[in-house]
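There are structures below to look over.
Paired with subunit B in one complex and with subunit C in the other, subunit A is shared by the two complexes that follow.
Our next item is the complex of A and B:
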């Protein structure tokens, strides 16, 4: 604390330390690691099995949406990748955040000479969730191979896709992270929020399907809310569409939507920061 | 404990039931909200299947049938399978049993004149009664809102068959979960086994999709397992997927499964107690 300069921490190195500590901890329970990998594999097989059966009965999900079997498996793989990243990096931390608010342990985080939202958001890495990431990448590779070998309009990898896909994956993760942080921060006002975690599950449930399916009948209001107000529909849809159907320019609304996604991601992070600050301001320790 | 008379026994069981019921009713607000939320994924299912029927029938959603199901049948199926699950799912049963074995809590059943399986069953009956008393509100609301997805009001024997199927589903679900929990006598850690069992159950019971969508070979194979009675069977009865002359035959098979699983639970419990040693108090 002698000079001002030394008080500014190197955020990246702090994160690496967190990640290493978590890995050391996870490696202490190796069997557990293996079991989680097996269970996520069985969940994955069941998911693919369900859609495999669905595509035995239909050529695509929705007419002229372009979500045929392997395009949809690209979508599914993208869902797993994004969820794996959220679960590995943010889920355990957000759970702990609301617990810290409840027990008053947040005091210790507030005392540390580092940004509190950073500290609270990145403290733990749940490494075993990354097995889903590998499964997602595996599914992507297999389905893209199928798409590349189809006779009509075979899929080709382009440089822009290589660049845009990871970018939009990050946007999706940012949107989900912000939503989760906001929900966890409400513990300050609501105390225990078990129902809010159910709420999280039910809201993200909407993001797991192509957004075209909501664009009819009474789905339009849902589509509007979950695209523009709580933008969970953009999370998987935009990157998956970029990767699976890079050439199909059927509807001209794709590029505006892609541009909007970047804005939505930035806006969500700012909103989460605002909610987080408000929560800290309203926080009063739990002890005495 | 041969001296305990039947009326005394009955009053013991009644007290257990009442206590468990009161305990459950304490959280009714959480219950009602939780039940209503559980219907939210149905919304995405409706739109998903709407899109699937749309693509499968080339735009003619109304006249398209997949494996004998119309779009309306499909939505009704998902709602009815939730009703089946409301009877057959036993949240926390297997994990509680294995935990009680691991931590020696079952000692109390060994020294008190109460049968563990009977005690747990009554606790569940009370849990379910409390749950239905609260959940009937959200269920009625959702079924009313989705009323036009349901086929015409069925005949009386369909109602009777469905009622029996739901009661059997409850018992079958209870004893299947109990068996998994009793494996805790042999393995200290059953939570991963439990998770895989839950996944299989979700898939094979027809909770995830109507089993009739499966390719013929797999449909037949799944038919030889007891899981279909937990969600698929009651819904299928209501939707007229089970021919009237086969209804009682299927209920008979379900009853056989039930007897087999009860026997299995009893054997596991008796064998497990022989291995078990309780310490302390």
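Our next item is the complex of A and C:
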């Protein structure tokens, strides 16, 4: 019973150990690791090919939205970066959280003297998903070089963009993480939640396109719901817009939305903590 | 000093009452019937510092539920419990740093990694100083004789080896209270014995408080002076093993080795004969009658050797469970009539 002082765990070091253990584990099954990385890379390449074809037919998505080919590729790169981060850090953990609730393995997480949501959320890192992060960054670099030669308002790197883009990437990741945690936590009440992935796919599908698409006809209610209630539309749109700076008639309208995004990210994380706590209180644990 | 205090602790689960057949299943989509299942009903228990207590009971008696309540994994329906002054289900980190739970049926170590990687993680989470960590790990792996297995992936270990690794994981932060839920389940006799020896030694050295559930009487006999029998969520008995034997085995087993040529005829008139394999005869004899029966046997038969034993503990415990079940049924019936 030597030292009882400074017993608070060092969260960052715990996270590093999680990351390290995951890497050791991934390297043990290195063929699997390679196959996963190659699969997601080829998916990404097909994705970019598809949009390349789309832009053979039209110069931009919608008239006067400013989302031309390379602006959109910045958007796509941002989508990949955010998805890669979510898939590397949170997807396997949320999936496992749902499974831990069903099998009772959550018992062990509840015994540890550390924040349970932290423990459950960061336990594993899916390193192979980070291959798409590199690809996303590559796509950004190539597209931004093209945009630097844009006839109207050529793209310039500024200090504020360097600061804001990573910040809004983090906000986007936080929103998606919170949504995923809330979905996984429902397993406590449902006993089983196999539709987690489906539901996730349906919702995040909306986040993959510029929000201008929805600002027409019956898209408006969708736009409202996915901006203000389940704010998935903000996830990619806000950072992509900050970086690509599409030239449209309504320039400058992004700042209220950007301010709201910070609030939405903070609110989502708080909401996920609330749902998580409720789930732990209702946890029944499975039989011995 | 009482380290565990439980008062009127009750846990009920609301379960969906399924009915047979398709029509009923479809009706169940709208109209669900629930029923309350009592896992633990109003138990009271006090455990002193340094005690090694066994929880005995048939499957579904409420043993594991009690341990889960005391570990703060689940919330009770009513009642209170305090362990070292903490309310377990408030899940204070100070509390969680001072106890451990080992479950024979579940594992907490990373399956694909060597156990030592999981231990490093424990070191960080519990913030164990490096020198304490190394000393404890050396000591525990030495005692359990698994030092050379620390670097092998957990999935390649045998069940017994894995259990030892789980025990090390639970003890690295030097808990003051240890809950063991069937730690020897599925293990062979040797592994079971090793773990018993280890637990005995460790508990004696450290004077920690241990609550153990097990279905193996050998565990209980080897380790615990105090036994709590729980059945249908109620504590049926709380005392020493000897007391259980005294109060619940109504008879003793008398083994006779007859002299050569001596027939066993007539023994059945003295006591119930369990088996005859001449020259050996085994009798069952009500407790109060042992002396009278032995006197008659010695008088009428030529005997080479004899012994008087308690019946096997398993049998006694089974009788205790049966008794308890009967009583519960009676008290339930009385309650519904009233």
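Everything that follows uses one rule, which is that the second predicted complex is superposed on the first by the 274 of 288 C-alpha atoms of A that agree within 3 Å, B and C clash if a C-alpha of one lies under 4 Å from a C-alpha of the other, contacts with A are read in each partner's own complex, and residues count from 1 in each chain.
Definition applied: a contact is a pair of C-beta atoms (placed from the backbone, for glycine too) under 8 Å apart; a residue touches a chain by one contact, two chains touch by 3 or more.
Since we're looking at a predicted model, the values are computed, not measured.
On the shared subunit subunit A, the superposed partners subunit B and subunit C are arranged side by side without overlap. In the superposed pair of complexes, A:42 makes contact with subunit B only, with no contact to subunit C. By the touch criterion stated above, A:70 is placed in contact with neither subunit B nor subunit C. Across the overlaid pair of complexes, the angle with its corner at the CA centre of subunit A and arms to subunit B and subunit C is 90°, in steps of 10. Using the contact criterion defined above for the overlaid structures, shared-chain residue A:59 touches subunit B, although it does not reach subunit C.
In the superposed model, A:283 makes contact with subunit C only, not with subunit B.
Look at A:8: by the touch rule set out above, it reaches subunit C but stays clear of subunit B. In the superposed pair of complexes, A:17 makes contact with subunit C only, with no contact to subunit B.
In the superposition on chain A, A:200 makes contact with neither subunit B nor subunit C. Once the two complexes are overlaid on the shared chain, A:50 sits against subunit B while remaining clear of subunit C. Once the two complexes are overlaid on the shared chain, A:89 sits clear of subunit B and of subunit C alike. The minimum CA-CA separation between subunit B and subunit C in the overlaid arrangement is 11 Å, rounded to the whole angstrom.
Residues of subunit A touching subunit C in their complex: 1-3, 6-10, 13-14, 17-18, 21, 24-25, 28-29, 104-105, 107-108, 110-114, 116, 119, 281, 283-285, 287-288. Every residue of subunit A that touches subunit B in the complex is listed here, in rising order: 35, 38-39, 42-43, 46, 49-50, 53-54, 56-63, 65, 195, 198-199, 202, 205-206, 208-210, 212-214, 216-217, 219, 222. Those residues of subunit C whose C-beta lies close enough to touch subunit A in the complex are 13, 64, 68, 71-75, 91, 93-94, 96-97, 99-101, 103, 105-106, 108, 110, 112-113, 117-118, 120-121, 124-127, 129, 132, 153, 174, 181-182.
Per the touch definition, subunit B reaches subunit A in the complex via residues 30, 33-34, 37, 40-41, 43-44, 47-48, 50-56, 58-59, 66-67, 192, 195-196, 199, 202-203, 208-209, 213-215.
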